[in-house]
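One structure below.
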Amino acid sequence: MSAESIQQTKLVLNEVRRITTKAWNIMEICGGQTHAIMEFGLDQLLPEQITLIHGPGCPVCVTSLESIERALSIARQPGVIFTSFGDMLRVPGANNDLFGARANGADVRVVYSPMDAVKLAQSNPEKKVVFFAIGFETTVPSIATSILHAEKNQISNFSILPANVLVPPAMQAILSSPDNQVNAFLAAGHVCAIMGYWEYEAIAKQYKTPIVVTGFEALDLAMGILMTVRQLEQDRFEVENAYPRYVTREGNQTAQAMIRQVFEPVDRQWRGIGTIPKSGLGLRKEYQNFDAVQLFDLPLDDLKESPLCIAGSVLRGIAKPTDCPTFSTLCTPSHPLGAPMVSAEGACSACYHYHGVN
Amino acid sequence: MCLGIPGKILEIYEVDRTLMAKVDFEGVLQEVCIATTPEAQIDQYVLVHAGFALNLLSDQEADETLKILKDLEAFNQEFYGDENRA
Amino acid sequence: MDQNKLSLQGPLCSVPINDHQQIVIGHGAGGNLTHDLIKTVFQKHLGNAILNLGNDAALLSMHAEVPQGMQLVVSTDAHIVSPLFFAGGDIGRLSICGTVNDVSMLGAIPKYMTATFILEEGFLISDLEKILTSMAQACLEADVKIIAADTKVTEKGKSDGIFISTTGFGWVSPKRQISGQNAKPGDLVIVSGPLGNHGIAVAEARGNLGFQSQIRSDVAPLNHMIAGLLESVPEVHVLRDPTRGGLATTLVEIAKQSQVTIKLNEEDILIDQDVRSACDLLGLDPLYMANEGKVIVILPEEFAEKALESLQKHPYGKQARMIGKVESSSEGNLLLKTLLGTTRHLDRLAGEMLPRIC
């Protein structure tokens, strides 16, 4: 961060303090933004009336128990190389996680990009390589491209376990809930770099809720918050863009076309929240041979979460991590009971690690 | 879901019929897939996430946030002069 | 084989092959192969008067070796780093420097080492020679001798190439009270240079990150630099090298041992730009990346300037900086004042650091 942007960030946050007259709850649905807010301690520079709520923006946290169990089931099969982004390895399933599966002999590997999984498939033709396809819209084009690449090059031993989720349906689910406490949203900057922000216009209008596309640097976040508070104080509810250097209203059309070519919206279960209609992406019929759920026999038992974990309420912003009786006692980053304690951006983990000091 | 950092495109080429680029992140070079930004040119900056391009850096002149900043700086200067270094 | 065409070219006597390119099980059996390996490989690189005697144990005269009144310091470490070779170093250099540094962190002068090698059947002798050469160079630089050594061979698959364990012996004056429990409120915290290089260099050498950089491990023997420091200031409270878990984990441990609150200034912590970029790309935090050639010094404020001068005179301490202060007594906390002036809490690394996509 340059001296100039530090100065500018403070200037913008001063302005937020100057104009705030009422209590407002602003939610961000983006693990990266949760992390950045915590890292910079931005919430400490906001007036007391503003509460930043960390929504279900950590794809690691919202991946359903069922998906994790499917992942474990696939990983345990002989001849499989199961690949995943690193942060998924510690997420607890019903009684194990992918790390544990690796310790028991499953070939589980961390990859940094879905293309790495395709390369693994190319160099291990006798194995079946499966990629755990989690993430929001930001990650979907890379998964779509990887599938198209595999198709072009006849790499038939590559498949994905579809678990991607979409932001707009989640926003709607939160806003339409009777106990909703959210007054405005910061929209995830990189999701919008791909998808644009036109999809949020109907939501802002229907629920009379300001939505501001926001980035990740301290200044970007401060600016997003300022534009949001201005709208709230002025009783406006529009979609605005505080991240114009990477985001346009229409988004990246090439990326969107690739997504549409390979995927289609499906109902998806969000851990701790439940099923949100058309909030996930599944493979289109033409790409079914890349669907690991079709390729592997996956019996599933009735799955129960830890009864102690209140992830659902936390993810919807209705409860704070500190409201949970097991927070930092039974449930800690080294022994997580539920998903929001596992990933560094999970609301509970972020609260545990980054709690500010005044 | 949004770890993205900007890098400068040094080279553009194809690998197995998919468009790739060599991108420089201030001393770290990475091979990035730019299939989603086929219009990219050498020396342009691209936002990268998990080895893939999300979008190109826009040199948008009409940046609303810049205007907000300018206004705030002018306001600050007018009311507080050089004393208030925020 | 055609019975009528047997052809014997005289008696054949199966003489064992003894110029292997790879380690074979026989090398660990204690017989001629072992003897040859020791003489032609180990002693060639590590040999000295004591080691070459070839006895079961090394005989040291306490009076001759350890000055009157001094205390004996012992430290041991196991090395399983993978990959074995990385930019800036290898497992050999690491095994010597790691233990030399551990002994030095008590303010002791390291003198002697032991080394045990567990080799996997199939390990290339040329790689073994590279590693031993590296160890010899490190010993020369640190001015320590390996006086006892052992080697065993496992079947293929039962170990991973090579594991090395080293133990270091040194001596220190009883007047020196350098330990993790001794940080006192008012002390200043110095670190001898930029952070995170080793962790990234090793990660990059694994070859699956998909990026290249000029980042090199900082692995180095710090005993001479520390000896110089201890000669230039009369009182140092804590010395520790921020290895596994990085600066943050190491300082949390010291804070808890000493029961104090330590506060760091983010703007004073040096991280090379390319290390920062690599961490950003992977979603890793440089404060938690391992360092193998850095030391944290905690000492009374009045001696801090002199300490800095002394460190900066040494090639391994040219970029030494004051990064924080021991604020007060407490149950043990580590705080970071961010570039924005806000303060946040830093915790230990929870388990393995996983690269994130959020």
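For clarity, chains are labelled A, B and C in written order, and residue numbers in each chain start from 1.
Rule of thumb we're sticking to: a residue touches a chain if its C-beta (ideal position, glycine included) is under 8 Å from a C-beta of that chain, and two chains touch if they have at least 3 such contacts.
Fair warning: this is a prediction, and the values are worked out from it, not measured in the lab.
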Exercise. Classify the chain contact graph as line, ring, star, complete or other.
Key: complete
Quiz item: When A-B is set beside B-C, which has more C-beta pairs in contact?
Solution: A-B
Quiz prompt | Farthest chain relative to chain B (centres taken as mean CA coordinates) | solution = C
Quiz prompt | Centre-of-Cα separation between chain C and chain B, whole angstrom | solution = 38
Self-check item: Between chain A and chain B, centroid-to-centroid distance (C-alpha), Å
Solution: 22
Quiz prompt | Per-residue multi-chain contacts in chain A, two or more chains | solution = 10, 30-32, 57-59, 85, 112-113, 116, 135, 139
Practice problem: Hunt down the residues of chain B that sit against at least two other chains at once, touch-wise. | Solution: 1-3, 49-51
Quiz item: Taking each residue of chain C in turn, which ones touch at least two of the other chains?
Solution: 210, 356-358
Quiz prompt | Residues of chain B defined as touching chain C within the complex | solution = 1-3, 5, 25-31, 48-51
Quiz item: Contact residues on chain A for chain C in the complex?
Solution: 1, 6, 9-10, 30-32, 35, 38-42, 44-45, 57-60, 85-87, 89-90, 99, 110-113, 116, 135, 139, 218, 332-334, 343-345, 352-358
Quiz prompt | In the complex with chain A, residue positions of chain C that touch it | solution = 208-210, 282, 335, 338-347, 350-352, 354-358
Exercise. Using the touch rule from the top, collect the residues of chain B that touch chain A in their complex.
Key: 1-4, 16-18, 33, 35-38, 47, 49-52, 54-55, 57-58, 60, 63-65, 68-69, 72-73, 76, 85-86
Exercise. Over in the complex, which chain C residues touch chain B? Could you list them?
Key: 210-215, 273-274, 276-278, 280-281, 283, 356-358
